[in-house]
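Next, two complexes with chain A in common: one pairs it with chain B, the other with chain C.
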Partner chain A sequence: MWTRRVWLGLRASAGGRRGFPSKADPQGSRRVTAELIEHLERLALVDFGSQEAVARLEKAIAFADRLRAVDTDGVEPMESVLEDRCLYLRSDNVVEGNCAEELLQNSHHVVEEYFVAPPGMCCPKWLNRLSHSKLRMQ
Partner chain B sequence: MATPVLRWCCPGRRWVFAGIGGVSRHGRGVPTGSTSSGKRGQSSVAQQPLITAQKPRKGEREWAAVVGLEIHAQIASNSKLFSGSQVDFAAPPNSLVSFFDASLPGTLPVLNRRCVEAAVMTGLALDCHINRRSLFDRKHYFYADLPAGYQITQQRLPIAVNGSLVYSVCVGKRRSQMVTKTAGVKQIQLEQDSGKSLHDSLRSQTLIDLNRAGVGLLEVVLEPDMSCGEEAAAAIRELQLILQALGTSQANMAEGQLRVDANISVHNPGEPLGVRTEVKNLNSARFLAKAIDYEIQRQINELENGGKILNETRSFDYKLGCTVPMRDKEGKQDYRFMPEPNLPPLLLYDSESLPTGTDPQQVINIDQLREQLPELPRVTREKLVQQYGMLPEHSFALLNEVGLLEFFQNVIKETRAEPKKVTSWVLNTFLGFLKQQNLAVSESPVTPSALAELLDLLDRKAISSSAAKQVFQELWRSKGKTPAQIVAEKKLELMQDAEALEQLCRSTLEAHPQVVTDVKKGNPRAINKLIGLVRRATLGRADPTVIKEVLERQLSL
Partner chain C sequence: MLGRTLREVSEALKQGLVTPTELCQRCLSLIKKTKILNAYITVSEEVALKQAEESEKRYKKGHSLGDLDGIPVAVKDNFSTAGIETTCASNMLKGYVPPYNATVVQKLLDQGALLMGKTNLDEFAMGSGSTDGIFGPVKNPWSYSKQYREKRKQKSHGESEDSHWLITGGSSGGSAAAVSAFTCFAALGSDTGGSTRNPAAHCGVVGLKPSYGLVSRHGLIPLVNSMDVPGILTRCVDDAAIVLGILAGHDPKDSTTIQDPVKPFTLPSLTDMSKLCIGIPKEYLTPELSSEVQSLWSKAANLFESEGAKVIEVSLPHTSYSIVCYHVLCTSEVASNMARFDGLEYGHRCDTDVSTEAMYAATRREGFNDVVRGRILSGNFFLLKENYENYFVKAQKVRRLIARDFVNVFNSGVDVLLTPTTLSEAVPHTEFIREDNRTRSAQDDLFTQAVNMAGLPAVSVPMALSSQGLPIGLQFIGRAFCDQQLLTVAKWFEKQVQFPVIQLQELMDDCSSIFENEKLASVSLK
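Take a look at the complex of A and B:
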């Protein structure tokens, strides 16, 4: 059975390595543990409310796994499609800002030119399981 | 059980396990809540060590502490790292925020050239290897003051690596000698600052000001080469001076331009490193050393009492003078680093590799920046020692106060007095007056010219040194008067009439035959009495050394 590090390993970019070769386990178990779901919900503020959502996640992982069919040993990963582009350097001049009124219009709740954060935003507790839908209601 | 003596590798210091040790015997480690123990804790980790005659007995454990630092310095630039909104400390809330800073959809980061130059200059000043190719990444976490939900930083390949920071600490019984130390610089990276969150406790809500969101930061990571609070504070101080000399950051801790996090662990020498804790919120130069020493002591206590150190993040509570656990961590934070998809790699060049026919605005030449580097504090100090023959600690003192070096150099320019005299007057008398009234050099009522004139008078022996001190005091109090004026007003000129002095001495000798006998008998202090009498007779207008000379001659000693 795969460990969750395999899945996360796909996302992390730590040089040229790409997880484990798939040859040994072509149709391995795609089960995603409850622990992983909790972890993802906290990290990405998504709500895997139903078994259907979890199943969809598993299908997505299976889809991405097809990348393993390609042998990438010794191949330098492409980190950015922009790798041949020039990084434009801007001169250090002030050309933006001064639009507080406009920006504040985007927020439901403002107090004297400050944005108001949803309650519990700055306590560590809020990091535990605040789902997307709950956030929208505030 | 007798108080164990704990020794950790601070230059020549012994730390006694006094106050905090007492507290922890009753509980486990951290004194929470109780103010008195907190205060005791503060005093026992004060800068003045409790020096005891005890040597560590056999069987008692010695401890070594290991301190690494992560420093965030706000780059001194007009605009932010990836947007054209202004960088300013005090402005109406959310007025210095562009659409990109507010993370509105459809906005993209555009790198500020000045920030890259600042990073390269800092890397060069710290002897780092500048990576010709560096990359930007996204570090994801949710917090109200981070509108995008991620921070753009350089995790994989930062702009500069492998440098060193050379700093000095005071050692010796009277803390007068300076010893040079080095802390390795692991890396320097460019990253965005977050906004500010203010807690409105009245209405129990958090207010967000994004003025600071997106401001360029230099993160300087120092290797765990420091062993106590004092070393860490000295390293930070030197880094501040370097950044200020380069102009890359104002590095003012009070204004939040320099923020420090410390990674601290303890172990027994010879054994592997212990578990480390991270102490955040060390934003005051004054409390930096205290906080680090407190945490070291806390860890030692904990381990001595058989406890364990958790790999956690702690915060320093200034009021209680102790570190407290900060986050409730269920496992480590997962930042899900990913390459920033909107930014190509950052390429830097040197004179050799500079591509031809390119817009100079669009390329950065490391060699050119190296040539343009301003003089570093270390070099300035060396020059002072060479040129003026002052002690290293004097050169440190001159650079440690804003504007003092310039003041000193202006006095030197205008006076004929010896540099050593100038050094002594500036560092002792002048600085003493400033500190007493808590003034900055720029607020000094005495100008360099005035001091120069005073020192000239002293040099010419127009006044005695005690008279000079009086004049200085008067200069401080009353603006606009010149030293010459004050000398004339208070009649402080030294007697120039040698004959008159001879007369006075002779008459004093005649008037006090008993004292003369004492002197002739060989009583060394008797002559001082005579000198005092003559001085009074001259109304303080004669130099004591000259008086002594004359008296001794007249007494044919």
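Take a look at the complex of A and C:
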């Protein structure tokens, strides 16, 4: 019977190699440098906020590093499971709209028909402050 | 009446044995009584009663819209609902009222369903416990069931009744709890890595993840565009099939929906099992699987075999890498999808107005919890120019290998795969929070996320109670776009196992009359 074969097989490889990945091992994990932290915070516009968050990123990277073990020679990346089908394109006709008022209602800061954003593209001081003081590694 | 199937209630409504307003009021009353579960974020009482009124008018004229007319349903709070707050359990969208309905919500409303409310979830559907939203965790109704409490009394004394409550699983825990506690007949969830099937298994309900491309994602606040699917939670497989029949189909507003015509279907009874081939993926037998789930899985396989079906062991060789692959792809797509939350057009906006970037950064810090921020940062790491090939593209290649594994298995003659849904029954919240969100997700999504990567349909069906009196569900995985076949097999299985009804007497004492209503005896189904 199928069950017996599977269970015997499991007992034979009792090291627990297959299936479940055990807790992330630090071997091979990249050191997350202060520069990297700054860079990621800038790109993501989300701050780490604590040492724990950095540790979590390190664990996440270590976890992802397991992919190196897979042989993907000659394998094309898969972007969508529907890759064998044609993407639907509807005809270029206006079927709805004229809802500016409705949409503007959801914003906190609006002037006439404009969403209001604060000025310019200057790097916020707090980003630099945070990286340098709290999270700089020795 | 609340314990009946959709078809039975629909028939009762047509025959005038119960009115939509009565149904609505009973469900609303039950929602209030089961408030401790925290399954609902928003209860749309006025809306539901108004819809009930309109439904009643239709029934009086004999013009019901269909099987769902007058039926209370609930919707996970990451689906946009016009005029009703949609928060994704996050500060980022607290107070956000969408100006439109998600396509699937619109379809339910067009069929006359009554929208009872928006259900609780993990923040932005990230998590496997429904514990990480700003409105607090969802409690599993089985924590309060007679079946569980009796087993607990045998073990421990003097512990406060509520301290050991169990999680629902996630991230559609609110929807699962709402259906499990009889507050609605069907609920929408979303499924990116198992978020519908996982809580379904823990709450003893049916959780269906349709094929990717079958159901529109327009209006579902996206997590991972290439894997998200609206999920359906019901108390029986037949009900799930009814809802799927209504929701499936091409949507011009979602270009990832297939254009093949889709018709509502009824599920035939399986009579000739000899033509059915069930596959058991050997790599899913992991050491972490609880012995109870393992034994139920084995029992289920034997059941199919004893009834004449062919049951064979199959191999999905890349299983051990699928959770890692999912982790990379998920965080990468999340990093991209969460970029839209900048405080300008909708959602939370911080007070500072120094510069655009400062405003974006502070808004996002205030709006997102640690889990969301962690995933955004991880995702951005994998998408860095120096990492793109080694992580993101690599994961996409592994995704193809995983999808190919399934194709190979189905090509070898297997019709449906049978696997566990979860590693064990629902655990107490105190135990669950000992590990962080990412670790838990990696553990709990083990059996479910490969399905999302391959875009296949899958359904979790409750099988039996554990020795602690808690539900355990098993998962069936079907071929792409063979949802009907999948549900046919699931329905047969459901009938064989006769999963017990949850006994929630304590919460439902005042509603006992609902179950003893003599009028029900005369409901006849054509």
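Note that in this section the second predicted complex is superposed on the first by the 90 of 138 C-alpha atoms of A that agree within 3 Å, B and C clash if a C-alpha of one lies under 4 Å from a C-alpha of the other, contacts with A are read in each partner's own complex, and residues count from 1 in each chain.
By definition in this document, contacts are C-beta pairs under 8 Å (C-beta built on N, C-alpha and C of every residue); 3 or more make two chains touch, one makes a residue touch a chain.
Because the structure is a prediction, the values reported are computed rather than measured.
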Checklist entry - Touching A:49 in the superposition: chain B (first), chain C (second), both, neither? => result second
Item to check | Partner chain in contact with A:98 - chain B first, chain C second, else both or neither | outcome: first
Item to check | Which of chain B and chain C A:108 touches, first, second, both or neither | outcome: second
Next on the checklist: One more residue to check, A:87. First (chain B), second (chain C), both or neither?
Outcome noted: both
Checklist entry - Looking at the overlay, does A:67 come into contact with chain B only (first), chain C only (second), both, or neither? => result second
Next on the checklist: So in the superposed three-chain picture, is A:79 touching just chain B, just chain C, both, or none of them (first/second/both/neither)?
Outcome noted: both
Checklist entry - If you count the residues of chain A that each partner touches, which comes out higher, chain B or chain C? => result C
Checklist entry - Touch check for A:118: first (chain B), second (chain C), both, or neither? => result both
Next on the checklist: Quick check on the superposed pair: does A:34 touch chain B, chain C, both, or neither? Answer first, second, both or neither.
Outcome noted: neither
Checklist outcome for this item: Interface residues of chain A shared by chain B and chain C, listed 39, 43, 45, 79-82, 85, 87-90, 99, 103, 106, 115, 117-119, 121-122, 124-125, 127
Checklist outcome for this item: Interface with chain A, chain B side, in the complex: residues 77-79, 83-86, 92-100, 102, 104, 110-116, 135, 140, 142-144, 156, 197-200, 203-210, 327-328, 330, 334, 336-339, 341-347, 361-362, 364
Next on the checklist: Could you list, by residue number, the parts of chain A that touch chain B in their complex?
Outcome noted: 8, 11-14, 39, 43, 45, 79-100, 103-104, 106, 111-119, 121-122, 124-125, 127-128
Checklist entry - Can you list the residues on chain A that touch chain C in the complex? => result 1-3, 5-7, 9-10, 16, 18-21, 23, 36, 39-41, 43-49, 53, 56-57, 59-61, 63-64, 66-70, 72, 75-82, 85, 87-90, 99, 102-103, 105-109, 115, 117-127
Checklist entry - Where on chain C does chain A make contact in their complex? => result 96-97, 99, 212-213, 226, 250, 252, 255-259, 280, 282-288, 298, 301-302, 305, 311-313, 318-321, 323-325, 327-328, 331, 335, 342-347, 349, 352-362, 364-365, 368, 370, 373-374, 376-378, 380-382, 384, 390-391, 393-401, 403, 436, 438-439, 442-443, 446, 453-455, 480
